[in-house]
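Both of the next two complexes hold chain A, though its partner changes from chain B to chain C.
Up next is the complex of A and B:
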């Protein structure tokens, strides 16, 4: 009898690159870092089932030494944890978790609890689902997501948390769709230092053309009320290269809800206009009023740009011409698009650092290859800062000092290269970020301010 | 339209004949027209061998060891009667975490929606003897198997293992997990063996689904790398398995088991041990008289 699998493996299997080595200067956190995604929803409190130190590390990295964003209502130091130790490893941690959920309900006022597991319970095989279901049956608003570190990083964890809420908290739905209501799936809360301001600007743009937005995370979200109305929305908008796509597909399968995927986060007038036109077309909005909105925004935008051009043309001798971006695919793509198509800068090196799932990598590459009609960029995927810095050193920045869009990890490198650094991603430990945004019409102006303040003050 | 999927887990002491019984059930179900998947949840990865002429197949974890991502279909092999065979596999003995391996393999198939896509009627999980950690309990969790059957002989150690399993199921059944379908009484050839297993079943209020006698036909079939259903389809033993398979296919109502506590189990086995000694003495007595 021939023994053949239903699907045969490729005859030549190239083993995956050995990624088991250490990573120098990390650019993301563990999957359980998605506790901050839960905390990013107003009045939602994560509960962590993990070893001592896990939750604190995620919070300090993501929300403190990254723009000093703060913990929020239920994040950071508020988060209850089982502090699993030897006893829970050997005997299982289900009882301890049950006790913790019970007590958390007594002392914490939350609209929803999200249990996130760390490596310990996922390894020993705690049946966390059964513990949480017991509470769900009693009517406690609670869901769980398995986020052991070996499942992936905080991007994976974020999808797990989002999908846990959809699958465990939102029931079946067969109502009438609300035209003009859109669910926004975009930047990763806290990981992206500017997510709060950015989501606010995206929401503002979408509302300006007459849509109603479930922004779902951050200060501009109405909390669980928005989440409950997810199935009612006309469509899902995935505004990122890949994050949120699997959630949109889940919603499509679950509620037969269509989605629109726009990989490029809009920065500046050109991209923002294109973005609004695409969304409007998908939503079936009349073009006239949308064009009016775009015209109004552009009038304001170009008024400022007009002032800026005095500086931009006079200072030509001192401004960098070539740039590199080291960061998550979402911001990397958005920045590269803006800097190339709207400022005329030359891309020298683009490194994508969040370890996107293999199945999305080619699509991300394609986006960069089509940056402009005459500019194509070949990106690298890398997570280890030693390799990243090595690649930046070897990149061709021409005769002028480079401008690097990166993180705090690039401080020393940029000093060494006598260039300028704009901290745009995790970790941004020398930036205090509240509502600042770098996207849309308004964010683009802030970004220009930041870039050129950094550059002109370089020699001061 | 997807058919109603039935998921069954078979547990029991190591070496008691779980894989043999499971493979024969699968073979008999396939013969009766069901679309069956047998899922070997044992690091030894030999549950489904007799469904494929004794050939080994790469396990889910073998494939995962090679690459970070595995297409579940690369780990599914068709065996006798179109039965889909999957082995979870695991690390080498003495290293790593086999329990995590089982969790990963079960998750992989669930995530990739294999059962739905292949339109499977019945999935049978053949789980290794001792539920040593959380991983080996995964097949009986909520949302996976609904019914558990235990294979046991009349040996005390096998019955202890069955009783332990009942305790595990009792625990899981409180949290929505699988319920106990009954005992498959294996290697039952004498009246005495039958009395022991019957008594245990009565004490724990558990139905006996089928008595399966020990048979040389089974051994011969195994040695030729086949199930009894395939190798000796007209044998009486094959009919025993067919009957068992039919009962399992029709089985609908399982219940929370009522295991004996350790004290009760000790007393119960001590009493049977006394019976056994008395019976053997009488036998020896008779032999002397004959001599």
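Up next is the complex of A and C:
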């Protein structure tokens, strides 16, 4: 079959010199996995134009066998799909897509549809934009993003979906900015197993110092109403090493809206306090009330840490000293920061696995190098689990059993190394996660519970 | 019809069997329209489409053939599966790892991760081709795991760009001296995922099964199954027979020896039809042609046929008599507890035929079922395998018998039509909707749960346990909103859109 020229992409998925090799045991999915990002917005329904298995694969693995999160109002098995067949491959699938969008409106109750393409239409060259624009002209709330699997992973797909909504659904804006309103761009929904609880805690923290938050994804979002108010916000807060930065830059260009970039998701009192102070300063909030909030949170936090101290200081059977983290840069950085600065653990190996765009890698390295005043970490970027496990085996964990923060893929490895495993990322098939969070003041306490329940269970 | 094992690509189900994915009516009508009894329905005309099919404009995500390759070829203990695809097809590694690990644990085998490698095709490969990456991945598979065989699952992307998977596989086979087996399973090529079972089995037959077996193992029975608990070993031991479980969790050697076995059976003709028929055609390993082993009549007939083929009639009669005597009092205890309950079966095609029979044996009412596709005939073309006909003849008709490839939007209307007390499922995506309507599900992750005589007792007990779950479901039902429009939810006909599309 002939291959047609590829169309330009709506996002910055740069085709760098391709050094990609085989990947054993995946740690992310493809760009159309971002159908779950659309589904993470209340009452938004993705429409997928792809082969018959794509939608099922993405949600069953992101949303089910990863913390058993559930796939949301319009996600998972609800998602319409053209289930493209031989006919669409040979003759093109634009008509089939039109028919599907049309009938989706008869069946589904949605505030917005987000069309996502898979490999098939992106390879045969369906003009999806023109199909969707016809519906937009008729006033149907619908946008599209090109997310063919070969174009990128679910991180870049997420940016494509986010930016499609901004560019195709939000109109021009020249109103008055609402002081104290902030748009939050942070963890990748569903890929990060704990995103719902984490976004709730971050929102709580920001609200505690008097800000109003467009959290945009998840149960704490008010849905499209929030999205429509994006241009009105005082600023964008990018709380992740790199994800969301290109969206913030888009909003800066489009609406002249400033952004604050904080790479480290705060875990524990030290990071949370620092986080709140930085945000407050950028937002122009008075320091006094913010310090009161921090003091109140710290009182509660250190009360529990005080109780934990008995255990941490005299548990007879030894606690791990050295740890490794295998995971997405956001959690990897946040966990490493907390474990090093709060608990005094020694980082043995940190492997960043989500294939961050090349232009952000040096900044991520720098963050790890400055993990604490006396600790500097050199990270590796790797995605192939065979190589990753090899690197973990070779790492120096000293004389004690290691503790590994990773995924289900590390189950066998950790047994072999007689260590402990905390599943903190995709895929976490041995965790059932509802509202659990590992960030902020409260999440840090849950994290401590999880870590040390696992460690003391060794003899159970 | 002779199965064509000469070409590397399997013929799809729709080509071989006239498989359909949309139909609604009574079970007896579908059995009549299917080729086992009458053949051509007259209206459709085309040879490969013997039963008139409903098609509609609205479809939700289905499942593809490649996923079925993952769950079969990817779960062979000493092989590696290479997914020649962009990274997204690799998403399935997560679910099939979880299922594999659970299956190994249930079977008492060492629990380990699956061994899947994605060739990780990118944009550049779409232009220049991905054959080099495939060669690299095969080498990695061999060097890392020293497998006894390497399978290659193709993808929509590799199919469209036309990568020459065959040549790469042949070269690797020559270099490494192990079978390197391309499985052609592009999702767009078949309307039903069960073609993926056939694709895997086709590859195993062509490149793993011993072509000229030097010996026969006259007491060995191939059992085509998935990850279920080991119920066949004790059952077949009663007949002095040994079990060779295939394909999941088997070793390459266990697959290779299939041609030495005395006969082949399966828990579900949807899964086993191709492999069992081909083993008979190519190697004379007889396929047991009988109803599936569910309920008394099915299990009796199945055991008797197996006994006849293997010359163990007396042992079988003795076992059947003992099992009847053992199980009947247990069922007599269960039936009053299950009286008045209504069940709904939403599973793979032939499996549902068996399960409905079991439900009726234990006194549960069934007037509706959803099967994900329908094969008007199996590859043997032997009427003794007419599982739907067997159901209708032995247990009567099913009023609302629906074929649909797991469309959740229709499932709402289907459940409203029947209003069951519980549903039985295997595949994902339907139980979550039923749950939000207050209806609990029995997920049969262990496909052997309802099989044979003991299966009737097992299923009865599972129903009683699931009914208690209703407390949870009825609570949540009051508090959720569904993503479907009221006008659609009020629709009485689950196929209303399809019918208007045809008209």
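Throughout what follows, the second predicted complex is superposed on the first by the 437 of 460 C-alpha atoms of A that agree within 3 Å, B and C clash if a C-alpha of one lies under 4 Å from a C-alpha of the other, contacts with A are read in each partner's own complex, and residues count from 1 in each chain.
Basically, contacts are C-beta pairs under 8 Å (C-beta built on N, C-alpha and C of every residue); 3 or more make two chains touch, one makes a residue touch a chain.
Remember, it's a predicted structure, so these values are computed and weren't measured experimentally.
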In the overlaid three-chain picture, which partner chain does A:321 touch, first (chain B) or second (chain C), both, or neither? neither
After the superposition on A, what does A:250 contact: first (chain B), second (chain C), both or neither? neither
Go through the superposed model and pick first if A:30 touches only chain B, second if only chain C, both, or neither. second
If you tally the residues of chain A touched by each partner, is the higher count for chain B or for chain C? C
Look at A:343 in the shared chain and tell me whether it touches chain B only, chain C only, both, or neither; answer first, second, both or neither. neither
If we overlay the two complexes on their shared chain A, which of chain B and chain C does A:409 touch? Say first, second, both or neither. second
After lining up the shared chain so the two structures overlap, which partner does A:260 touch, if you call chain B first and chain C second: first, second, both or neither? neither
In the overlaid three-chain picture, which partner chain does A:129 touch, first (chain B) or second (chain C), both, or neither? first
Chain A residues touched by both chain B and chain C? 1, 3, 6, 13, 15, 123-124
In the complex, go through chain A and note every residue touching chain C. 1, 3, 6, 13, 15, 18, 20-26, 28-33, 45, 48, 51-62, 64-66, 70-71, 73-74, 76-86, 88-89, 99-100, 102-104, 106-110, 118-120, 123-124, 148-151, 153, 386, 408-409, 411-412, 426-427, 429
Which part of chain A faces chain B closely enough to touch in the complex? 1, 3-9, 13, 15-16, 92, 122-127, 129-131, 133-134, 358
Can you check the complex and tell me which residues of chain C touch chain A? 56-67, 82, 85-95, 97-98, 101, 111-127, 133, 136-137, 140, 144, 155-157, 160-162, 186-189, 191, 193, 405-406, 408-409, 428-430, 432-433, 481-488, 497
Taking the touch rule as given, give the residues of chain B at its contact with chain A in the complex, in rising order. 52-53, 55, 57-58, 63, 66-69, 71, 73-79, 84, 97, 99-100, 103, 133-135, 137-138, 141-143, 172, 175-177
